[in-house]
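Per-chain numbering from 1; labels A, B, C, D and E assigned in written order.
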Amino acid sequence: MKNKIGVYVCHCGGNISDYVDVEKVRKAVENDEGVYLAKTTMFACADSNQKEMVDDIKDQGLDGVVVASCSPKLHLLTFRAVTERAGLNKYNYVHANIREQVSWAHSDDKLGATEKAIKIVKATIAKVRNSEALEPIKVKSIKAVAVIGAGVAGMRAAIELAEAGSEVFLIEREFFVGGRVAQWDNLFVSEETGKELVTRLYDEVMRHRHVTLFTGAEVIENSGNVGNFKLKVKITPRHFKLSCAQGELQKAIDVCPVVVPDEFNFNITTRKAIYHNYPSEYPQLPAVDMKNCTRCGECEKVCNGVDFSQQTEYLNINVGSVLLATGFDPYEPKKGEFGYGEINNVVTLQQFKRIVHYCDDKLMYNGKEVKNIAYIYCVGSRQVDGENKYCSRYCCTATIHAAIDVKKKFKKVHNFHFNRGIRTYGKQEVLYDESSRLGDIYLQSFEHDPPKVERVGDETIVRIKDVLTKDKELEVVADLVVLVTGMVPRKDNSIGNLLKVPKGRDKFFNEIHMKLRPVETVIDGVTIAGASQGPKNIMESMNSALSAATKSFSLINSGELALEPTVAMVDENACDYCGKCEEACPYSAFEKVEKSGKFIVKVNSTVCKGCGMCLPVCPTNAINLIGLTDVDMENMIDALVPQV
Amino acid sequence: MMQENIKTLEYDVLVVGGGIAGGESALNLANLGYKVLLVEKELSIGGKMILLSKVFPTLDCAACITTPKVSEIARHPNITVFTGAEPLKISKKGEHKFDALVLQKPRYVDVDACTGCQLCEEACPVSVSDEYQYGLVGRKAAYIPFSIASPRAAAIDIESCILCGACEKVCPPNCIDFTQTEIKYLVKIKSVITATGFKLFDPLKIPRYGYEKYKNVITSMQMERELAPTRPFNTVLRPGDGKMPDNIAYVLCTGSRDKSVGNPICSQICCMYSIKQAQLLMGALPMADVTIYYLHIRAFGKGFNEFYGQAQDMGVEFMKGKVGKITEKENGNLILRYEDIEAGVVKEAEHDMVVLSVGILPNLGMEEVFDNERLKLDPFNFIDQADILASPAKTSIEGVFVSGTASGPMDIPDSILSGGAASAEATSYLRKENTI
Amino acid sequence: MAGGKVNNSPKILVFSTEKISDPAIDMAGLLKLHYPPTVYTIPIPCSSAVKPRWIMHALEQGFDGVFIAADGTDCPYGESCTTKTGELMRITQEMLKDKGIDPARLKMAAICSVCSEAFVKHVKSFSEYLGKSSN
Amino acid sequence: MARINPDFTEELRDYGAFDPNACYNCGNCTAVCTLSDEDNSFPRTMVRVSVLGLEDEIKSSLDPWLCYYCGECSTTCPREADPGELMMSLRRYLIAKYDWTGLSGLLYKSLTASIIAFLGLAALVIWFGYSESFNLEVIMPQGHLFEMLAIGSVFTIILLPNIIHMWWLSMYKPGVKASIGLYFKALGDLIVHMFTQKRTLGCDDNQFRWFEHFILVLGYLSLLFTTVFLNWFETHNLFIIILGYVESAIIFVVTFDFVKSRIQKNKEISKHSQPSDWLFVIWLLLMGLTAFIVRLFIDLDVLENNSWMYFVHLIVLVQWSLIIVPFGKWSHFLYRSFAMYFQKIKELAV
Amino acid sequence: MEVEKGKTAKYLKEKRPVSEQAKEELKKFNKKKRALLTALKDGEKTVPQLAKVLELETNEVMYQLMSLLKYGFVETGEIDDMDEYFTYKIKSNG
């Protein structure tokens, strides 16, 4: 029983004290059982207060500490560290959340908020009174990281991890690396092409002995945890053992009778069942698309590299940390959205980039020369009625950059930008300026009145009520309508589901804290990078990839991890082995053992995650969670119940 | 410098600038076991962020996020922090070899002994404008920069000090020491991270907005201070006469996207911080109207657009049109002249307080510090990113990396990611030394 | 806003989960979505860890209702969470019936990590229900 | 529904527009313009219709005439789109559209055409002098007669029809409903604006420029009156002689200042100069100067031996009255006054 | 050259003259401080009221008053009926 508890009630500069009478809270608890001192503080987390707490613990010999401040997600670790510095076990520290769940939630009711804060602090004191000193469970960590996705972010992270000294498994679902950037030509700022950037990174990846790249590979199972994720990887064969001899590949492609839409070119072109995305693509080994291959065997006749005997392989890899760089999907417009799928010269920005790529001296589409291009912005982003409320961040700049490229490549082109307020933030603003000066015309629609694309006779007309021209109705006859489609999370979220990575309001992977821990997830050992976390341009993806690499690496670097000791424990006397807990445990943390003549279960504490699923199923109530026992719970409940 | 006794120090990395980006870089490196010297020219680390009220789009209080990071930096065994210090010269002597000459200006206070009791502050008779409150109130010549400063120790502003000695007499640990002088260190390091941050646009360059001439025209940073937990007025008031404002205007793109003042680029954060302040103002002054005069709202980041929508739902008015000029009325209210773009008509509106949402400009100087190889700048005088797409932290000098807003406008999450990237690149650079 | 009103609203104990529903409840505060201040939250690792005896204890000691903000399918500890939490609801409600306590005083709903509005809606309507049934 | 014509700005560029496409529609120009008000908000709206190429909107607009080019919009333009210069170019464009002969447009767009016209007229005058054996006794009265005829015919054949065209484009076509009475009622405004250009005073820190302009207009009109109706070159009335000296001196002194600032480009208004701007100020300067010298030569009795001086003056005069007055920048003054007049009627009609 | 701790100001004073401007500023500050405190002794006042009494610009009063608030000489009183101006008074225990 603790009897020298220190309680600190935080003003949070006003965030709490504007709605909660913190002095009243302090007074209400200062005479609680076991409370030795109770203070209020402007900022509990400030360095000066931390110092004061350390001094208090040392000088006054506190044996338990409560800080009532913000959500524990923000500062639980901060204050645990404080107690540790003062030589007090960090599990003798308990956190009370009186900001997010009190002052902010009840800013409409100051009296009620204060009363609630008092009860919560009392409950927390009740818990700390019973708290025990605990030692973290140490486990070994494997010095290897699995990077999922070999787009530019994934490759960059892999290189960084390898250079820092980690073993890296780079796992790419497609047969080729480079992700979305490979599909892009000139890139903003450096004017390097997507292909060049991918090549550069791929060469680096290949140079590193410590990076193992798998293509056509997918993680299908995970049974481990931070420090030791046990991943099962399925590797689809590409059915090539080596490349064809010079020139024969083209022959093999030519003889293949299967013609399917080419997804790399967003279905504006076709490819064969034996294919590569573009010449010189990486890895420089073509692949056979077995979903469409008819096994006619024609290709084998002209190319000796084809090998239909290859089988799907399964590989088990163990890593200490997983870095997700799974990227994004471009938004797929609905049929009829701005004429998409109904009017034949309506395409997406991604398709448009590929069209431009395949045109040389004249910009042609559907056999007609394109002069007027209408770009319709925010398709699938910033939706007024739809679900995607977020801004896709990269599209304004990408579109303007594409428009400038087109204009420079095909002089006669006129660009019309039907936007909703251009968002070329930062230095990207210069592009907006440049395109304006080149004569591009910008038209801005009202939030609730998007432009309309109509087919009139053999003309495609885009109409808009223009914000910039006293809401005058304007129209453009467009030879090509480009829908600027934003980023959406990957449709296939199997890896996210597998690792239980939570998603945010925008359905992208969610970080723990945007500013404090922007690349870590609530799943220990799993970091996120690039556009899988939210829309980003290349530079921003690289920054997050490098940050995620650092975080993943520093986690596994020392070879040892400290795990929370708040796991399940079994009351040996109460246990009459029935096996229900074994059944309930998702981690197989229980073991049947014989002890003093009877069978009981034992908890393997390095495997137990402390989820508590076993607690309610035990018929004899023999299991408790360390740090959250029945006594703790009942004490807390008792403290919360109003004493009138 | 010839006869001076220069102390030599050795570290792995020198981080110049102790803001949130430099701090992140330093922490990451220190966590991997590298020895870091963090040099900050101000009296406290934490940069601009530590002075903010809350941060968008989560409305976390800035201090709540910054202070634990700052104390982590200050406490870390692998990090040495010099405040009130700056590098005078950095010479590259070869790969993984830099010599930096670092100047430590005297603080006239023994930082380790100071308890931050503020008795000296009370005793000091001098009152001068407080730069950490952006001139809204005064401070003493013996002062603690601000309540959550790190180190939370007093300093003497020797330019304003009258050397009366009153502070010395009251200091319990006797830590005030006027005998301190400049100290120069020769620091041998293997890599440099520049995290020198940004400076704010000076609105005096746009005389038609009347900054300083009209007392109720303030900058967004001043409003940030008025809204911060350690606010100078205890509530939001007009600095002109102490009236509680009820109709506040935000003038966006003050000094950004404006070639006529020499800054063609967008500052990337002003839209969002103005929206944030507007939301905070509506909370602090429930009766107040807030109007934001904008060109385009750059709500591009994660959760930003939703945050913008939230402000609209709260009743913040958004008016598309750049403010052309501001004039003052007898009662201190201000008349803003602008074109209501949607209506295509020039209008005038009266507000009792105007906040100029000032943009971000590069902090020049770092390019001069490198003496045998010039650090390249981009066309806007930010530090040039030599391989922006593949290695955003690399600069024109190998072994020198850039972190945060030193390379261009950025919000806090981006600065932190950039700080992480700089530390990652520095790590692999440092590791190469061992493999050679 | 009067103090009297506060004391009259039903007392609800919420079992939230550390990684999923508690962040949603935090965010409700952040977004200033108000709910009665007589709603108290105790975070636990997973909603299928709630022991029926804790619920009984709360109701017997004076709480008007118990609300389990379940992980649902988002549970980081496995898919079985939903069924397990459901099963434990069923058992507890049986127990309540046996003791002559209205089983509707125990309620459960899945609250995802961003379902702040859903949470507030649930506790408000639960509070209303409890308020009515006690009169 | 209006269709966008992105090529229009290319055409406008021939009239001197700087770079209206650079505009990002912030409205700063309109907001800083002291002449812009709730009824007439410009220049941003004009920049916008120009960029979109909405020609009908431009042709019917009187806004370009309401601008006096103080340059504030251009100096403070965040995109350096130069709205002031655009307004200037629109005025030239409008004159070209009003002018039924089409010569205005030709002369604005083509410097070669201007040079040919100027040289042609010079040759014509020299040929005429040659045919009269350069006898000043004969030629001076002829010159005097030409002045009177030129004034009358330029006005009735060119300017009057153009004004009517302007009225048709800006009043009739957009459907402004105004009674005849209103046209009389607003007449006062026409006179006042024509002689005082008082609207310039609405511009900030423009007082001196307005004064210069006002003096110049007075000087110019009275010199015209003095030479044409008081026959300055042949009179012996001392008062008239001195009056003429003063008037012509005013013209060349003031225009000299204008030329100087165009060369120095120190004011926004004088940063960009189209050939028509140069021709206007230089010819005005030459008019005043040559008239001054001619009369001086007469008074010093040296004109007989220096009859070339009179021919120089005559050439300048002919070029002025046949090119610059009907098609050049002089006509701005007339159209602007009428624009103000029409604008007033529009306001009264509402 | 050891200088006794707690008496080092004198040492520096010999090496470095105090700027005249700093002295001037201090005089001005003290004058305004006295004036403000005297004016507040007669009763709590708003910033415009103080400005009128002291014949100073309101912004100057605001700045000095807020500094005095920070230094603990004055404290904030009530807001007026129009919810516009707070009054300020001498701090009771200051």
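For the reader, a short list of remarks on this structure follows.
The definition used in the following text is that contacts are C-beta pairs under 8 Å (C-beta built on N, C-alpha and C of every residue); 3 or more make two chains touch, one makes a residue touch a chain.
From a predicted model like this one, the values you see are computed outputs, not experimental measurements.
Centrality by Cα centroid goes to chain B. The most distant chain from subunit B is D, comparing centres defined as mean Cα coordinates. Of all chain pairs, the one linked by the most C-beta contacts is A-B. In this assembly, the C-alpha centroid of subunit B lies 28 Å from the C-alpha centroid of subunit E. Put simply, the C-alpha centre of subunit B and that of subunit D have 54 angstrom between them. The set of subunit A residues that touch two or more partner chains comprises 422, 433, 468-470, 504-505.
For subunit B, residues touching at least two other chains, in rising order: 58, 257, 341, 344. Within subunit E, contacts with two or more other chains are made by no residue at all. If you check the complex, the residues on subunit D that touch subunit A are 1-4, 6, 9, 19, 21-25, 45, 48-49, 51-52, 79.
Residue ranges on subunit A touching subunit B, taken from their complex, read 11-15, 42-43, 45-48, 50, 70, 74-75, 78, 85, 152, 156, 160, 163-165, 187, 189-190, 192, 197, 200-201, 382, 389-391, 393, 421-430, 433, 467-471, 504-506, 508, 513-516, 518-519, 533-535, 538-540, 542-544, 546-551, 553-554, 557.
By the touch criterion given at the top, residues 414, 416, 422, 432-433, 436-442, 463, 468-470, 472-477 of subunit A touch subunit D in their complex. Those residues of subunit B that touch subunit D in the shared complex are 208, 253, 257-260, 295, 321-325, 337-341, 344-347. On subunit B, the positions that touch subunit A within their shared complex are 28, 31-32, 55, 58, 60-61, 63-65, 67-71, 74-75, 116, 147-148, 150-152, 228-230, 257, 264-268, 296-306, 309, 320, 341-344, 378, 380, 382, 385, 387-393, 408-410, 412-414, 416-421, 423-425, 427-428, 431-432.
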